[in-house]
């Protein structure tokens, strides 16, 4: 067994609700998973399942009230600002919306050097790094002096990826990074993710609502439902032959892009729902 | 719904209490030797001490405040230091003038703003541009300058209206209308300019909402969607601006009353301020705060009626 | 298309706000007026012919002439000299108020907005308190206690004005604080101080400058008002005290009141116009960012338009499948769109075409999928059939025949009768498509009563039946609920119930499941299929999801940059796509691709880390 890069154990995230003596909202109810170096772990779930919250908890952007998040054996869920600064070398992020994840009034160069300035990198070295990063994501060098609004969605997402790569992290949390993109753009950006991983050995925690996207990218997959992981294991198995009833429903719900196979898939889905309902009734009776 | 009303009511009373408390402490603690100012610089120390004990100013501030508060709750706001008149009488006799001015201006402003705002938002084009430009001008020119202009044009030169004086509405409606028309116009122009901008802006926003298209797609005419759905949704922000304008008008009324020599709150405020007649000033603060709290309450309830999210959350 | 990066559009030059103001007509005039007033006031000691405070009995109310250019006031003081010196005090007082308001408002707004917590609650409450009393009344009360000091009054007024900045900064900061780019900066380890400096101050700066101009105008006005009441400091000349003197003597010397009025009015108008000009310019420069995705897509379509024209690519048309196939339920021709063009009028008078020469037919009982990526014009085509294009959009050509009538040329009144009753619409975002101010029930019944002439009770019964039919568990409760009280999936069912409430012949569904979770999507697709079967409607289904196409559609039209590239029966498109764009779209589908496979340690050989980027197939987007 290789070493573990990130070890998430029984993590609970609670958001206090407005109002006197109200129970806080539990976004995560004790979630565990681990990521190895160079691995992609996919996190699938529907809206409100807590998948984004888990990503934010790893990044230190969500209030962890229980459990532990260990990065290379070191507890990071309660990291101070200074420790977070150290961690920015190790853990980075690519967000979903390429329209709001880049400051519209900053040039691409300013965006890409932002993480570098924290490290106090020399100006010349920083400029060289910007050129390297633009190469890595296949953007032209003259992009450096432009504003985000001059780019298409896919190009912006490339800039966001370049920013995440600036400090050579070992883990990138990707929060629905291709969901806002058109189909063909989505495919190309995903190829870029795989290519970068193969070249640099970075690990991804890849959050998405799209089973097909996760299946395409992930070595292992976790399925989330109502703040819990209901299924967790090998990507091919979880996305191909799921065992948990919810994962099965999720799997059957996604339509297949072929009229004849979809007709069969649809019938299968109704049968599955019927079966699960019977099982629920039996379980209730017992 | 009851809880919503009660909560707003409680917040209003609390606000009234806090404002009057802060005002009292500042007015009575901040003025240095009040008794000395009243009796004048030539009076002897004994005379000053006598005046202070007459007015109860030699007691601790908290005691004075408690005394004031308990009598204020019974409607007794004390007496003027200079005229000896009951503050409650002086204030309430002038309240109706100020309130009729401000209320008149707000109602006229609300009606005109909705008409012009809808017109500009729906027609756009040159209508919109003209409305916006005139609105900016109306907003920019201070209300008392407009009042001065109206006086010199309509009262002094054209002699359509009397320049000064006031006829109570109970005496003669015509007389009342003739005396308040110019002041109300002077007050409402800035108010209209501000509210039109808001009505226009929030209507344009509301017209872009998806539900407008969906409702029209279900066979409702454009006008029906605008007057029933869009206007109601745009009403909230417009009401909020109207509330802010109302508070501003209470201040503007002070100057406008002075220009038209109307016997309103502004008049006694200016007189009391010049003399340092603290009980009267305090009475004006209480009256103004009470009006503001009442109006805010009405606006809050209207907001709740317009927007179910406000009243149900 | 190798590794050569995609060419980028030309750079929008960043021009400073000040420079741009110089090209704005009212902006430049306002700046000039303010500049002149400021210079004249600053140079008052040089320009003034008299001492502003020297009274002279023989000059009382002197007429304008060589001795006194603008005459003299009731104390025989020179009006022009007073006007100039008064400018110094009036402007300085207003600037003092502005500075106090800025320091308090901006600082408190930044702290409260960024950190929230108790400071947020406390300052918001204090803001409410300061705004609850008219500034004039507070100033008068303060004057009663503190005496006539213009500087003190203006400092107090500064405090009273600070909520204007507090609210503005607070709103901007809370909006920006939750932006993803601020999160990204946090992940990069930037300190709060740096985040505020880099990301937040830049956003707040422009609105604060605009607000400053407004506040300066208000301060000048209120100060003049205070002095006008005769409650100011008699020892310093101000425009307000001159106004007071003029008003007292308005019968004897009407021009006395004119000059200070002119100055106050001029400065206030100039400041407000300046603020508006700045806002105009900012909005113009921010335009492309604020544009909705649709507008941006439309622009992209316009760019690509020329290229498509040159290619002269005709649409690929697949023949209908022989009768007896699955789409045999398709009945008579319902809708025939020919040569449709849609354009948006631009401010410069030109028209941007987003849909060009589009043709489309829908038969009764047939589901026709309209497929394409963003900017393909599929939604614009759908809206033009309903004649509900967004502001500025219009049909530029072609015809839309529906039951023998050309919808493109119907009057608005006739079109209103077609909508809802004959052609219905299901939108994409369930929440934003319901009016939050009305109950679901009233929104369901209102169109039914208009279109079908039902009574209130009839409409209610029908609405309840419809809600039950679209699978809402407790129709009564949903009927009485407001939109924000139901889930997105429920809201979409409500919208579907509304769309079919008048039993339309044609249903236009614009990405009806895109905003929904995949399990809810499956339910809604089933519902649509059932309703379509039952009512035997023709359906135009706008979507980008080929899974949805495969699930529902009988016939598919693929659009790209405002044109139809391929059309035909659904199986022909999936199995025998001819057009390169259709193939490209089908290739991008992930469902059939192999899973990533097992994790191996060989995949991240450290030696590879430093290797040069390999040549890869074209990956530019």
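The first chain written gets the first letter, and so on, giving A, B and C; residue counts start at 1 in each chain.
Everything that follows uses one rule, which is that contacts are C-beta pairs under 8 Å (C-beta built on N, C-alpha and C of every residue); 3 or more make two chains touch, one makes a residue touch a chain.
What you see is a predicted model; the values in this text were computed from it and never measured.
Colleague: Given the touch definition stated above, what is the smallest step count connecting chain A to chain B?
Modeller: When the steps are counted carefully, the minimum from chain A to chain B is 2.
Colleague: What's the chain with its C-alpha centre farthest out from chain A?
Modeller: Looking at centroid distances, B is the chain farthest away.
Colleague: Any idea which chain sits dead centre by C-alpha averages?
Modeller: Of the chains present, the most centrally placed is C.
Colleague: Indicate the whole-number Å distance between the mean C-alpha point of chain A and the mean C-alpha point of chain B.
Modeller: Going by mean C-alpha positions, chain A sits 54 Å from chain B.
Colleague: With chain centres defined as C-alpha means, what is the inter-centre distance between chain A and chain C in Å?
Modeller: The answer is 30 Å.
Colleague: From the C-alpha centre of chain B to that of chain C, how far is it in Å?
Modeller: Roughly 32 Å separates the two chain centres.
Colleague: Please output the residue numbers of chain B that touch at least 2 other chains, ranges allowed.
Modeller: none
Colleague: Do you know which chain A residues sit against two or more other chains?
Modeller: Within chain A, no residue contacts more than one other chain.
Colleague: If I count partner chains per residue in chain C, which residues reach a count of at least 2?
Modeller: Not one residue of chain C touches more than one other chain, so the list is empty.
Colleague: For chain C, which residues are in contact with chain A within the complex?
Modeller: 3, 5-9, 11-12, 14, 179-181, 183-191, 194, 198-199, 202-203, 286, 288-289, 293, 300, 373-374, 517-519, 521-522, 525-526, 544-551, 553, 570-571, 574, 584-593, 595-599, 601, 603-606, 608-609, 611, 613-614, 616-617, 619-621
Colleague: Where on chain B is chain C touching in the complex?
Modeller: Contacts found on chain B: 15, 18-19, 22-23, 26-27, 30-31, 124, 136-137, 139-142, 144-145, 148-149, 151-152, 156, 207-211, 213-222, 224, 228-229, 232-233, 244, 247-252, 254-255, 258-259, 269-270, 272-274, 276-278, 281, 284-285, 288-289, 292-293, 296, 306-309, 312.
Colleague: Can you name the residues of chain C that touch chain B in the complex?
Modeller: 128-129, 131-137, 140-146, 217, 221-222, 224-225, 228-231, 243, 247, 250-251, 254, 257, 261, 264-265, 268-269, 271-273, 276, 383, 386, 388, 390-391, 412-413, 416-417, 419-421, 423-425, 427, 429, 432-439, 443, 446-447, 450-451, 482, 484-485, 495, 498-499, 501-502, 508
Colleague: Spell out the residues on chain A that touch chain C in their complex, using ranges where they run on.
Modeller: Going through chain A, the ones touching chain C are 2, 36-40, 46-47, 56, 59-61, 81, 84-88, 91-93, 95-97, 99-106, 111, 114-115, 118, 135-136, 138-140, 142-143, 145-147, 149-155, 157-158, 160, 163, 166-167, 181-192, 194-195, 197-201, 209-213, 215-220, 234-236, 239-240, 249-250, 252-262, 266, 269.
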